[in-house]
Amino acid sequence: MPTSNPTLAEEHRLTFRGLHRRFGRLRVLQGISGEVTRGQILLVTGGNGSGKSTLLRCLAGLMRPQKGTIECVVDDVDLDVEERRRAVGFLSPAVELYGELSTAENLDFFARLRGLAPERGRQLLQSVGLPPDRAASVLSSGMTQRLRWCWALLHSPRILLLDEPLQNLDDAGARDVLGLLDAALENAAAVVANPGPLDLPRPHERLDLGDGFLVQELRAQTNEEPRSA
Amino acid sequence: MMSWLGETWAILSKEWRCELRSRYALSTVLLFAITTLIAVSISVGPAGATPEQRPLMPVLLWLILLFAATAGLPRTFVHEEETHTADPLRLAARPSCLFCGKTLYNLTLLLVLEAVVTPLFLVLLQVEVADLWSFAIALLVGGVGLAVGSTLIAAMVAQARARGPLFAVLAFPILLPLLKLVIDASFVAVAGEAQSPALGLAVLYDSMVTVASLMLFPVVWNP
Amino acid sequence: MTIKQKTFRWLLFVWLAATIWAAFFYAPLSQGFAGKMGDAPQSSRIVFFHVPLAVASFFAFLVAAAWSGVYLWKRRSIDDHRAVAAIEVGMLYCVLATVTGAVWSKVQWGAYWNWDPRQSSIVLALLYYGAYLSLRGAVEDSEVRARLSAVYAVLGFVVAPFLFFILPRMASFSLHPTPGSAEMDREIGLVVVAAIAGFTALFCWIASLRRRVLDLNAEAG
């Protein structure tokens, strides 16, 4: 693994154990565990409704799991959920930026929230080939996905949570963003969610969540598994 | 502290920048208020308010302001949830900065509304205010309370269904005590009467609701 | 059902039965309500039901705010259920207090409703309860629902002093006596206090039953 000297480098690690999350009767996550550390990728796969996005939202601190623990270590410091939320780089089809603002203005705004200089945003826009003055509302779906990547990487996060990272991207776009991912992984850990296997730039572990809610719902109807009350 | 102020300022200026480009909230709130004002003015008649009607004038003014606010203020958070920009904000902004930035935006919006509607109201209904300073302070104190309460409730409503009607349902029981107090205070100012406890109590209401909202907002905003 | 619950139920039954008996046959008629008609009317006995219901509904509101605070602190769904149960039963009490008050007002003062400051407060309280319940109805996810409604209950608690104490005091007139100022026979006071205790205990019992229903529903999904 091409990590720079792992004994000297600060540790970045995301560990989750026994995560449970259900929506009403629908049990989406049932005791999911995993771990990813610096330079590594954990690929989460599974059909539609298998809980990939729910898992990533829980890891990002956008949703509270009903059971289970999440441990996030960045630069050797154990983060609480508040800090974790601001630390992770989160990419998801459910994330949108402000349509009234241009691509650069959007990134500027988030850079100011995080106390960063605006140059970083311009650099990222350039590296994915996005014009800085285009309003976010008129971007095509593939360009929107590139903008999401810029937003997710803006604060050089040490923990990356990437939900369907290549959605809507053409070959050139996929190559660009995977290059960014590879560079970021020098100093970060990533959890990637995708319906199927992905051609990722680094060797990775795979966590399969199964078939999705149809099967789970059938199981719930027959009361096969123990209740998580 | 500086970074906290910078973050709050970033949110306030983002709100105004987006608002000035879409002009949605401003036009809704102002048109709503002016339409209601014209309806009231026509109903009262060309002679303006008679001496017997005068005590009712602060009531009408505040009702116009309240309903106009109800039409525009919830948008701050509802729009974020509807356009899926709420999650990026959750991940990037500190809740206290976000709340203060949004509240300041709503407050400035309300002050613009008050600055446009109140003079029109006083002129059209021919109401003379005896104590202009007290009247202005009552408008400011009422505006602060409305802005703080509405911002918190907007954040709650944004996460529910049936957002429009729900905002009014949730906000009124919370805002009505304030409304009663500022109506009393405005009435005292219009009539030029001696001191009344209403304005002081309205300030007390504002500070209690502000402290409570600052404490409750992180819970509303984050899971 | 445990022995403790059984004993509580029986004690409550006996206590309420005794209080109701006392309200009609032990307490004298209140001379404070001898109005235009001269004699103190039998209708003044409604004080033994109206006042306890109003007090208990205020208590319910405090209980709901307290459990909501506990929920926000510990995030256990049982505390959320406790708060909802308190609000639901409190709303029932509030409606009954409003109705008994309106009936009494008709008999005593000639009109069902006259926007007495306490009547305004109770209407706002009803609006507030209704708002709480419609908020719950409008949120799908049980976690979000519990969180938002708990915040609303706590917010209501912050505003409540204005609703119940400050605004009624500011009004220039009131048909209601200020607590402590009205002259009251010792026997009447005794029965009122007993009824307040009884109705509050009844509230606790009904609310705990409701809470158990909510627990079971949540468990079943």
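For reference, chains read A, B and C in written order, and residue numbers begin at 1 within each chain.
Please note the rule applied: a contact is a pair of C-beta atoms (placed from the backbone, for glycine too) under 8 Å apart; a residue touches a chain by one contact, two chains touch by 3 or more.
Because the structure is predicted, anything quoted here is derived from the model rather than measured.
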item: Middle chain, criterion being Cα centroid separation; value: B
item: A-C or B-C - the one linked by more C-beta pairs in contact; value: B-C
item: Inter-centroid spacing, chain B versus chain A (mean Cα positions, whole Å); value: 38
item: Chain B-chain C separation of Cα centroids, rounded to whole Å; value: 32
item: Inter-centroid spacing, chain C versus chain A (mean Cα positions, whole Å); value: 49
item: Where chain A touches two or more other chains, by residue; value: 64
item: Chain B: positions in contact with at least two other chains; value: 223
item: Chain C: positions in contact with at least two other chains; value: 140, 143
item: Partner chain A, residues of chain B touching it in the complex; value: 3, 6-7, 10-11, 14, 17-18, 21-22, 83-85, 87-88, 90-94, 97, 222-223
item: Residues of chain B touching chain C in the complex; value: 152, 156, 159-162, 166, 169-170, 172-174, 176-178, 180-181, 184, 197-198, 201, 205, 208-209, 212-213, 216, 219-220, 223
item: Interface residues, chain A side, partner chain B - complex; value: 60-64, 81-82, 85-86, 88, 90, 92, 94-101, 105, 109-110, 112-115, 151, 155
item: Of all residues in chain A, those that touch chain C in their complex; value: 22-25, 64, 66, 220, 227, 229
item: Residue numbers on chain C that touch chain B, as the complex places them; value: 72, 124, 127-128, 130-131, 134-135, 138-140, 143-144, 147-148, 150-152, 154-156, 158-159, 162-163, 166-167, 170
